[in-house]
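Below, subunit A partners subunit B and then partners subunit C, in two separate complexes.
This part shows the complex of A and B:
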């Protein structure tokens, strides 16, 4: 793993020199700040002027914020990989001791680690509704896998960085569409279960009130769906490389 | 150093065989050239040798190891330069080389020394985005040499180089051979192949149609005669004489004494002539 760590060190230099990548790196911090300070303030205003209590939707807001953080980091990782594919750098890494597998692990692991850090900060500090430790551990694996899922979606379906930029809109739908399940009852809402993000919303909708087994099942199912999605996209990406 | 027996390959999902049973071997310290038109299969053969394509049939051993079974440590021993130089444009030449150098665990060369050898020392801290094609190609060679490889795979190493830098690169490749390294070059550049290769293989439609030293091929496929050009009454004249008994050919000897000779050449074939004769196709 030493070569992989060295690649990560150069990634930091690359991100510093690329304005778009740098923005992607700090954007989650802006989002976390907005959720932390903005949501309670907006809620106060809505209650005062419209008698509308936003706190009923804090779970939805937390889920969307969590997934947006992963989406941003997934896009950052995806764009780096698209750049490296456009420049035939992935082809070159494949003939170094890092190998193509090592390269992929390095890129996807970076997305996972960054997601875990940012998502943990979001859940522990900025989430508008309090999050229990159990919820934190249930949500993090899914939220962390969302970033490599998005990154792989971009590199598996985009032929180059320009197409990748267009596909980010599609990637946004992966986060936005399953949010609709929040407002839909059973059994219709299960139609959204093929979206990995659906399970994050479901777990937050459940809250932390006394259904530990159901929460555990949701986490296992959600993590499974995420892993399956990552696997399918990974295979597609690897086929493209040949 | 390299042993290839009955190598066959077709790309996944394709019905067409790209390589149809290649056989060749490359001993240590040899510069071996793969020549052929685009799509002939030479790049595929090279990709198999460097371990990118592993679903091949036949036997391919490099440094005594079957390539399909190699692990990433294989890349500690080989150096690769692809035809299209691939670098991080936002990094300087030195940063790029340092990054790739850091991926190796064995002994490596100092990037500044390599840059100096290819005339890029003063551009060490210039971003690669600002490099010309020629500079990128030389940087590409530096990177392939970083890990002091036992065997070097070069794809079109002189492409995009001016004559001075092409010569520099060819000299570096010959120095590698002198140091006991093995070099495999893939190219359509007949002149480069002729200048530096100990042996060449013509590959067409996935088959090796000729394999020998450039000199041997040129002699075997040439005409055994000399062409004499001389100037007389402001006109250029040509005469041909068989090589057999040339020293005692009175007509030839008298011509040399009588006329103002401008050129005198044996008529060995060019590699391009041989290629066209052997395949009925031209190199593109």
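This part shows the complex of A and C:
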């Protein structure tokens, strides 16, 4: 574990030295503030001009922005690893005491920790739908695993950063497509359940109206699907020769 | 002749790296999304989607293409051949523009069939794509990592997508008429709301002017950050 901490310390030094990386850390905050101020403002416009009440979809918007924050962080983490692979840095790390596994743990742990922080800020302060503490604790494990899922998807399947960019386009769909389940009826929507993000939307659609067992079940299933997805991609990445 | 070969090779490279598959999937997703919308909102959604995604895809992809070549020191070997930097820039731009055009056309035709006259729409897509790819290339030559590229390019893009606030009737200023993207939106919209010739001539000239500037900037960035760094340990 110690070599991983050493890498983390040198990363922090890098962030302090490279102003651009520091600014990149505030990117999710921009999205959070856009949701905070933007959604109520847009709703006012829609109600007065089109008599369309957006607040019906606040749960959906909350889910989408939550997943988007994790998507941004996952992509940043994935891009970093793609860059490091193209520069053969991962090969260097692999022969140091850090090892390939330690390197991966360090990169992914950073993505998880950052997603937990930013997602909690989003849910507590900026979410348009009211979020209970129980919901917060149900959503965070899934949202936190979404970032490593995206990052691993990029590095497990892309041979280099150019392929990684093409896959990023696909990664966005992992978050966008299951949102359709919000509008689709019961038997058909379970088809989306293979997407980890589906469970985040489902949990938000349930709201916090007196179905604690159902919510708990959704959380357990969703976290399970996320962990399975991360595990499968992790295996795939570790099997790669580069 | 050399330019056509270069473009053909760039297209092959992009195909092999999955750009075409990625955009096939993305376009199908947008088509499904548009089907899902009420028909009154479909025209506006078509324009918004076309402007924010297929038209700007070059801006996004050029970062990876340039950074990978930079990392692999391709430029060092490439430019000892007679291949000119200008050809390199044109080839990258035009090949990505083809993908923009294909994807936009597919999305548009899927919704509105062959009933509209999409000439100006497609011209808008092509010119917007050329401008954004050149601008993105200028940024990419200066960057060392993907995250750095996306940070800088987001700043650049933020300025240029401002005219969307005029289209969505949130906020407007006459200064928008100086931005190339105002012209892009004008051309894209003209497929549904015909505009007088003077307006589309203005839009085409404005986009052409900005694309010229973007080309000069990309070439300057190339000289400064690629050419002058060659032979050494690199930046």
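One rule holds in what follows: the second predicted complex is superposed on the first by the 226 of 242 C-alpha atoms of A that agree within 3 Å, B and C clash if a C-alpha of one lies under 4 Å from a C-alpha of the other, contacts with A are read in each partner's own complex, and residues count from 1 in each chain.
Throughout what follows, contacts are C-beta pairs under 8 Å (C-beta built on N, C-alpha and C of every residue); 3 or more make two chains touch, one makes a residue touch a chain.
Just so we're clear, the structure is a prediction, and the values are computed from it rather than from any experiment.
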| said: By the touch definition at the top of the document, which applies to A:95: first (subunit B), second (subunit C), both, or neither? | reply: first
After the superposition on A, what does A:141 contact: first (subunit B), second (subunit C), both or neither? neither
Who does A:40 touch here: subunit B (first), subunit C (second), both, or neither? neither
For A:207, using the defined touch cut-off, is the partner it touches subunit B, subunit C, both, or neither? Pick first, second, both or neither. neither
**Study point:** Partner chain in contact with A:87 - subunit B first, subunit C second, else both or neither
**Key:** both
Message: If we overlay the two complexes on their shared chain A, which of subunit B and subunit C does A:6 touch? Say first, second, both or neither.
response: first
Interface residues of subunit A shared by subunit B and subunit C, listed 87
So, in the complex, the side of subunit B touching subunit A is made of residues 11-12, 50-53, 72-73, 75-76, 78, 80, 82, 84, 86-91, 95, 99-100, 102-105
In the complex, subunit C touches subunit A at residues 17-19, 21-23, 25-26, 29, 36, 60-61, 63-65, 67-68, 71-72, 145-148, 150-152, 154, 170
Per the touch rule, the subunit A residues reaching subunit C in their complex are 20-21, 23-24, 27, 45, 76, 79-80, 82-83, 86-87, 160-167, 169-170, 173, 176-177, 180, 183
Note: in the complex, subunit A contacts subunit B through residues 2-3, 6-7, 10, 13-14, 17-18, 87-89, 91-99, 102, 239, 242
